[in-house]
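Labels for the chains are A, B, C, D and E, by order of writing; each one numbers its residues from 1.
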């Protein structure tokens, strides 16, 4: 069963090249940075994903939203190449990109300091050139660089995980609800950081969130997932340049989406 | 150094007895269900809390909001009686209440099934009387009752943690960002469940959240925490009955709070 | 300086090491034209392993062991060292006067149920008193030092131990009910059969006949000194580890009594008969598949 | 699936094959081949000696094992959880861990007589410090977040032990049990050698006196077979059941 | 703080006191008191025998320990991570775990002569399966979420081993090292008994033949002192450093 791919009502936001920092053309055309086809994924017999098809252009930012337990994390795990036990294909239209990943939980090594947690995922040459420290400082964590993760608050650990994913300068960035358990100002700072980083070194992003406002603020395209076995139930391209998306716009788009007649959108709020 | 306890500008919401399901009087008067005074709390010499004073009337719902890493979880841990290594006092104005707790991470025992995770915190007599199953069903988890937690999605694990805390019928309920990583409709259902539960068996609630809308929707009083070393920087009583707080009201109060001149509120968005 | 070397694996403080010390002290090896080298080891098993592993030329062991090894294909052979044997000891005040009184008693036995002395004692009890000691008494098998300790505390009614340990018990005031030599006599084995000897590979003996002869000569000279000189035993004191004067004297006397006087065809035949008896009593567990004494168990080159 | 069932057979065949080759090459009485050992095994089994001695040794081991595991793990958990107890008795542990088996066995026999109880006790005393060390290490590594959860919900002490602590100690129990069985076996051999009149250790000693390695190996093989049976029918199924919750991992 | 420094002293005093009382009550040559043992210790130390034998035994132990720990942990981690390897060699492990020490020692001596290498090798072979069992158990219990993280970031194999796997195995290494030291000590005693002319095992056995328990205990005490020193100066500081990251836990 494949997503019926309806032709979406053309958005009322104007399209702009700067939304796609790599600007190698429109998301639809060009070489695909990520093409993931999951015909079926099962856990112990139970089907979790059926007919999921994801394609992201280089530098495209895809936001996945969908009900709890539908299979978003599973899809991300497959995209990361961690789980090969599925029926389908994964390719990057070229050599494997450098991967950055923010897992649903921070997954910091408890026995390594915060600094080491960031440095260890870097290539050997870059481990002590200040990259880790720079990213930690950007996250407001310079004071705890030598602490062990067990001594951090939930939000601090999450920011270390963000620093780790950003520090590798990923070509493909997988983020599973990266900004939860952060207070709103901090979360906003993190989003701004992400945007800046993407502008400087463009990456294809797969971004899972339950926060529709966040998705609208950041994504080039929002994929609404169906309840399990999941697939893409609806797709929303967002064409306004990210820089022009202010609170009012976000609220307006959100209201517009929630009002759509398609049943997929009823699962959003 | 103690919180200066300024007299707050009287709120423009009307007071209503039904906000306090136990209704043993106004929150300010009567026997205190929770009185926590933390003159100072240090970790390895670093002061994390200074002059924090919390008092909740029986059945009162306190929401704590504040910047990441300020000390909210630490305060909750102390309130739970887990950490006695602080300078200050904790009392319940009577015998110790039954405690329910939703930790910042789900903390399910990975080697026990979902059902057992809920049942094991119950008194022996109630472990197999269907309580666990009822709460799991309420969370939409009846299908995974016999799974191990490692096989759940992040949101599902969180709901199990909620079921566990609700199942004990707590007199004091501690919740540390309980509704993160849930999609909005599920989170709303969980909030409704919490409200219903509190109506049926009233409990004093200490509720940490980064979601100001959620705090406005649920709390009797919002405590705005200062950045570390933390204390209560500002307090907002909410007098509209919970049932009457619709989206529009929540947005209105939120805007009103964010517009306040007090610097504490600038940390909210 | 070009004297051939003979390396012997011995128990430090063991009875054999006394004799070897006499050889070295009086330079009897030099006189006989060989060089005696010692490898000190902590147990009899260590010595056996050393011989099998080629680390030593010669060790001290009993000929039953040699016979069985030969039966299994090893080319080991034996020359006598000592005929001293163990004894059945009881406390001075014990009512046990003869083997017949062992009925219902706890008997400590050094080693295992196929220990030679125990088999002889059982045979004797059966032949002369119609007593099945396995059933009628309670044998307790344990390590020799442990048994001596138990005898002292009275936990055992009688102890059948190897001679150096029996000598200690005697010195401590215990009484001999019967010695193993007495058992053999009572069973009709007249000649004195040396139980312990020097054991070596036939191949080594053939390759080093001069060294072997020289060693035998030196050994006999040493024994002669030990038989006559009390002063020599005074010198040996530190090696003997005797707790007191009485033990020292008992060890000396028993060692002297055990010096083999003859090693002729007669003794060898007696040994063969004893082996036959053992094979009957101990069965395959003791002697392996050879029911008769294998040829060559006793090195033919040495007799006196 | 087929591979799974085939592997152990292949493994056994390979081991026996290597043994046969080594024996052939050594061509020495000190390493008899599988055939020679098997024939001794059959002979000993036929006259009942094998079952008699093996049975007795296994009974002693079972008793010592149960005693050592229960006392050892109780002490190990205690020392692991209480820094005070550890500071007070850490030294004792080092002492008891390093008293030579010989000393314990001799003292046991001297004090308690040449009895079954002394033998089993001596074996247990030799093993207990080992269990303590392993479980103390495990207890120190326990994840506190679950203990905190249990304390928050005021779970009973016995429930905390059963549902929070013990499940985390499973691998340590498994390690202590497996290496413990082997250690107890090795010590029971010495115990039987020094003061018992039956059992495999006694029997092996007899063979050793005769330098009959085939006899020693026959008893070794019989014992190993029993342990492997235990491994397949008890240890592995139990362990698998207790660690069912672990995520299935792709072969690395 | 004061209590912390006092506890070990108190602990030692208590142990020696109990020993003295027990010896007094037993009033037997089979349990000499601390004073008697100390006088033997001083005598042996004065004539240099103590240091000679202890030094040799410690050198043998050190060699065997290093060999056993490195080979054993490599195999243990391999068997723990690869189900195939485990299926193929699990049986071998049971076999080698349960071969009586005696057999290995005799074969080593008979094959390789009564050499230092044979002695050390025999001890190592006795200990390796033990290390394998403990580390296999530990490796099976490894938390996969960190391994997944490392794989996602394409960390090098050596880095995964060093930063992800080994830190989780620390308690297993500690358990294997502590119980391993004790086991190696016990086996080295047998090895020295069966084929060396020096070392503590040799010496202890001589004393046993004389039933001189004071002599045996003197050497035991000397060895235990060395181990306790090692414990205090090496094992504990290293372990503390490696587990610094664990949350400090309030006394339960």
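Here, contacts are C-beta pairs under 8 Å (C-beta built on N, C-alpha and C of every residue); 3 or more make two chains touch, one makes a residue touch a chain.
Just so we're on the same page, UniProt names per chain: A, B = ABC transporter ATP-binding protein; D, E = ABC transporter permease.
What you are looking at is a predicted structure, and each value in this text was computed from that prediction instead of being measured.
When chain centres are set by their Cα atoms, the one at the greatest distance from subunit A is C.
Chain pair with the most C-beta contact pairs: D-E.
Here the CA centre of subunit B is 87 Å from the CA centre of subunit C. Here the CA centre of subunit A is 29 Å from the CA centre of subunit B. Look at where the CA atoms of subunit C average out and do the same for subunit D (ABC transporter permease): the two points lie 38 Å apart. Counting partners per residue, subunit E (ABC transporter permease) has 28, 30, 106, 110-111, 170, 205, 208, 243, 246-247 as the residues that reach two or more other chains. Annotation for subunit C: residues 45, 52, 143, 146, 149, 153 touch two or more other chains. Shared interface positions of subunit A, defined as residues touching 2 or more other chains, are 105, 151.
Within the complex formed with subunit B, the residues of subunit D (ABC transporter permease) that make contact are 145-146, 148-149, 151-155, 159, 163-164, 167-168, 242-247. Within the complex formed with subunit E (ABC transporter permease), the residues of subunit A that make contact are 77, 80-82, 98-101, 103, 105, 107, 109-112, 116, 120-121, 148-151, 164, 168, 174.
Those residues of subunit B that touch subunit A in the complex are listed here as 43, 65-73, 104-105, 151-156, 159, 176-177, 180-188, 210, 212, 267-269.
Residues 4, 7-8, 10-12, 15, 26, 28, 30-31, 81-84, 87-92, 94-95, 97-103, 106-107, 110-111, 129-130, 133-134, 137-138, 140-141, 144, 147, 170-172, 174-175, 178-179, 181-183, 185-186, 189, 204-205, 208, 213, 216-217, 220, 223-224, 227-228, 231, 243, 246-247, 249, 251-252 of subunit E (ABC transporter permease) are the ones touching subunit D (ABC transporter permease) in the complex. Put simply, subunit C touches subunit E (ABC transporter permease) in their complex at residues 11-13, 39-43, 45-46, 49-50, 52-55, 143-146, 148-149, 153, 241.
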